[in-house]
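Have a look at these structures, which come just after this line.
Shared between the two complexes below is chain A, which pairs with chain B and chain C, respectively.
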Partner chain A sequence: MTPDKVAWIREVSLLDAGCFLLCSFGLIAAAQVLGCMRIYVIQSLLLTIDCVLLALDYHSWDLLAVAAIYLIAKVLLIPFLLRRTARQAMIARRELQQVINVPMSLLIALALTVLAYYLVGPMLVHTGVIIHVNLPIGFASVLIAVYTITVRREALPQMLGLLAIENGAFFAGIAVAPTFPLVGELAAAFDILIIVMILGVLSTQIHHLSGSTEVGMLSELTED
Partner chain B sequence: MLIWLILILPLLALVIAAMPISIALAGWISVLTALLDVVIAVILAGEASHGRAVVAVAHWVGIDSFGSLILLVETVGALTALIFSTGFLSNHAAPTGRKRRYLLWFNLFLFALYAVPLLREIALIWLALTLTTLFSVFLVSFEHTPAALEAAWKYALLTILGAAIAILGILLLYWAQSRVGLTLFTWSQLKASAPQLSPAILNVAFLLILIGFGTKAALIPFHAWLPDTYSRAPFPICAMLSILESAAIPYVLLRIAAAVEPAPGARVDQWLILFGLVSAGGASLLILQTHEYKRLFAYSTIENAGIILTAGAMGSRAIERAAIWQIISHSLTKPLVFYAAGVVFFLTGSLRISEVRGLLSRSVWIGAAMMGAGLAIAGAPPFDIFPSELAILKAGMASPKLWPAALLACFMIISFCAITYHLFRMVLGKPGAEEPSLGGSPAAIPRSCIIALVVAALPVVVLGLYIPAPLAHWLAAATASLGGGRP
Partner chain C sequence: MLRMIAFNLIQVAVVMFLSPLAVGILNRLKERVAGKKGPSIFQTYRDIWKLFHKDQIFSSESTWIFRLTPYVCFAAPILVTMLIPVLTSYPLFMAFMGDMIGGGFVLALGGFFATIAAVDTANPYGPMGASRTRMVGFLAEPVFMVVFFTVCFVANSTIPYIVQQKWVHPESNFFDPSHILVAVAFFMLILAETGKIPVDNPSGHFELAMIDESKSLEYSGSGAALMKWAGCMKFFVLLCIFLNVLIAPWGLASGTGLDDVLLAIPVIFAKILIAIGLLVVVESSLAKLRLFRITAFLGVAFVVAVAAVLTRMLTA
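Now for the complex of A and B:
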């Protein structure tokens, strides 16, 4: 590959990484379930594109296969399964409740991003430019998604937060471990599909039994 | 061949349970397959104890002596839990479809649980551990009340959150390993690459794995899901979750720690000791202030997981052996306690300690069973946790790390006092006049629940009195297969 092409690939992947992080912020700010899911799908698509770019950069057929796995599992199957198992909650046009308001949450997410850069700093010695971009952004996305889960009150946004953590982990993963055994990637894809099915069914059951998908985290924790 | 049979049997039971036969028959067929699994696990443990792993597929599927001991306690726990389940299901008013699904999910759960010690590839072990969560979600929500569903949601959400954090750690660990040039992600290759691992990556990776799997094992402070889940889940499920938390997950964590321990600058032992001590100490205090006996025993599981992780990381061969012994004795005792608690619940209909008074005067047998099981889990002689905890303390005092051993001793004493305090309140005393018989009579307790209690009690009593020679040999072999070049 010519140096020109390499530089081009790196610049596009940089842009992709920026958009990926933006999606993590979007998951916090989205006001409706459908919006959350769209942002998740866009983020998964960005992950897939990054994977293809990395495959070109690293000359790795494995990563192309991984990109195909992501495309099928995350971009196509998950939205399909979610619509099937939790249709009612998905199309409900309501404002989502949040423990901490959106502007404050976005500020916290920003702080978490800075924290992520600080945390991965020591690991970045003698590493390539791609790892310098992907690793902190993957870490930041994981932290932000964990935060999203703790502030969201309802089942489906929490579940999408879970899936976003996995996206963040693998965004870092494809850069640092491009030779990660394909079976591991398959395992993860298989795993998230089962997560979506089981949690989808469970949230529907909660919806039927209690009339809302609000799950009051930590409500019964205290010993009365 | 035998290794495959271990995994095939639960699936076979699952297929049979899916057929339109009566629930009782399906339940007993599951018990039968679980019994066969125990027999196979014993044979595998015997074969693996010669220091050579039994391999089914090179690098991918196989079992060594440490794994075989874990497999053995898993199968024994599954056997008694299934026996108890048949009685529990026959007594329960749930519709037949839900009872059938209980058996299906239970067998799927066993499949994933057995896979953990059988797999050698770390990414696949992660998958197996995550599947144990997913397959047990509907077991936790079996009662199908809003509270049970919410408990199941919390359980699933937080433990999957842990799994997602663990996969980030596993990817980083693989990164560290692949930089050395070894690309197969197995126990042996991880161990081979250990001396050259980058400490900066390794420490972060291990911390993430510890937090991730620690969430699944409900280590403090990641135990937010535990009180609700244990309150709502059926008793046999509590028993199986306890085995998962105090045997399967410590197995994986100790394995990873032992494999990467030769790395220069690795701080994995310190992390394990820190989290282990916080969990053991925090849980012993939680035991003190709890109001429900089911939660009491759940906290005691955390305490034991903490003890095991601390002891496993303290660095001498003797204390590693004691930690493995503790895994075995706790995983044999904890199901017994949950079965005794289940029988008490059948009798009284209440989970609150303050509402269960004077068990002994209501039914001598049930009172005695609860007393015996409670004392066994508290660590009193002549039951099997007593010698294993003693071994941990003895080896700890002889090891260079004296202060963790001293703290462990304190926590063990606190939890012993706390458990016996609650236990005496429940078993002795007079039944309160204001709460007449909430539940049934002793006669209403299904016979299979009593059988489960007796079968689970046998090893607890026997191993408390003496350690048979083969078991001592297995323990030594397991310690050898775990430890690197430790003294």
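Now for the complex of A and C:
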């Protein structure tokens, strides 16, 4: 590959990383379940694109296969499964409840991003450009997604937060360990599909029993 | 030297006479998307022309501020036009008289006068809209500041002509995460500052829900015309900063001949049309936010802008 082309790949992957971080913030700010879901799908798509770019950069067939797994599992199957299993909660057009309001949450997310950059900083001394960008942004995305789970009061956004943690981890992972065994990725992807299925069914059950998927309302036991 | 002054004046003329057209096209496209026929794209010119031929009426309670405001509002975008690259990629006569922060101050001055003029007449709707505009304004202010910080970090300067070069030289700057983040934050700012749909509904005629429009309700005749024209120019100037300085500094004239500069006019206008297309998509697909959700909207813009600084500072 010509150096020109390598530079081009790096630049596009930088752009991709910026959008990826933006999606993490979006996951906190989205007001409805469907919006959360769309942002998650976009984030997964960005992860796939980044994976393809890294595959080109590292000349790695493994990563190309991983990208294919991501595309099928995260971009196509997960939204499909969620829509099938938790249709009611997914299309509910009401505002999501949050423990801490959106502007405050965003500021906290910002602080988490700074924290991620500082924590990762010492590890970046002798690394290439791609790790330099992917590792802190991936780590920040993980932290922000964990935060999303803690502040959201409803089952589905919490679940999407769980999936976003995994997106962030992979975003950092594919840059740090491009030769990670394919079996591992495959297992992880499969695991997630099963998790999505189970959680989807579970949240539908909750919806059946209590008429809503607001986990915040489920803090008290009922007597009967 | 004389040539540079002439180009500067051409820039001003372009902003003055093409901005109503840009607004007209935006309105027409929005109506078309909504399935209506829409007014002619030259309607804004006709409105301004008509208003100039009408009598002006002043409330007897109002003071000189009310009379002065249209001129201040009208002059502010023109002054900013002289500071920013509208047609040429090299600095013109006034380029070093003020940087982006200075330009921001000049625009804010116009906003300030519009606000106190709205309070001046004691019409109940004016102060309400004015105070809401201030609310949006002070929420937008930190975003502006942080965007300028990012720009400073990248270009080591806040002079628009220098900034605009730095985003594409070296090319890797263009693909930097901070670039896209700044672009997104500034786009949200434009929506908030020019009263576009997620923040304010520009075509609404219901005074209680107005944010930006109600400030100029009391004006009539040429005062109203100037206020309307000033709004168009502010919109055009912000789009020019967005496109020529922050996003796509292509298509600007690099030669010093008159033909180069004249040729740049259609290119710039084409770029603005693309931006207007984007605005139409945003305005037609979103609903207006509740007043207290605007904090969340501009909070997102702020966070995005700070993330831009962070990714630049901590990785560079």
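What to note about this one:
Following the convention adopted for this analysis, the second predicted complex is superposed on the first by the 216 of 224 C-alpha atoms of A that agree within 3 Å, B and C clash if a C-alpha of one lies under 4 Å from a C-alpha of the other, contacts with A are read in each partner's own complex, and residues count from 1 in each chain.
Criterion: a contact is a pair of C-beta atoms (placed from the backbone, for glycine too) under 8 Å apart; a residue touches a chain by one contact, two chains touch by 3 or more.
Model, not experiment: these values are computed from the prediction.
If you put the two complexes together on chain A, you find that chain B and chain C both fit without a clash.
When both complexes are overlaid on chain A, the residue A:125 reaches chain B alone and has no touch with chain C.
The vertex angle at chain A, taken between the C-alpha centres of chain B and chain C once both structures are aligned on chain A, is 150 degrees to the nearest 10. A count of residues in chain A touched by chain B and by chain C gives the higher number to B. In the superposition on chain A, contact is made by A:188 with chain B only, not with chain C.
By the touch criterion stated above, A:58 is placed in contact with neither chain B nor chain C.
When the two structures are aligned on the shared chain, A:209 is found in touch with chain B, with no touch to chain C.
Between chain B and chain C, the minimal CA-CA distance in the chain A superposition rounds to 18 Å.
On chain A, the surface touched by chain B in one complex and the surface touched by chain C in the other have no residue in common.
On the side of chain A, the complex with chain B involves touching residues 119-120, 122-123, 125, 138-139, 142, 146, 149, 155, 158-159, 162, 165-166, 168-170, 172-173, 176-177, 179-181, 183-184, 187-188, 190-191, 194-195, 198-199, 202-203, 205-206, 209-210, 215-221, 223-224.
Per the touch definition, chain A reaches chain C in the complex via residues 7, 10-12, 14-15, 17-19, 21-22, 25, 29, 101-103, 106-107, 109-110, 113-114, 117-118, 121, 132-133, 136-137. By the touch criterion stated above, chain B contacts chain A in their complex at residues 121, 123-124, 126-127, 130-131, 134, 137-138, 141, 144-147, 149-150, 152-154, 156-157, 160-161, 163-165, 167-168, 171-172, 174-175, 178, 183-185, 198, 200-201, 204, 224, 227-228, 231, 289-292, 295. For chain C in complex with chain A, the residues that touch the partner chain are 171-172, 174-181, 184, 295-296, 299-300, 302-304, 306-307, 310-311, 314-315.
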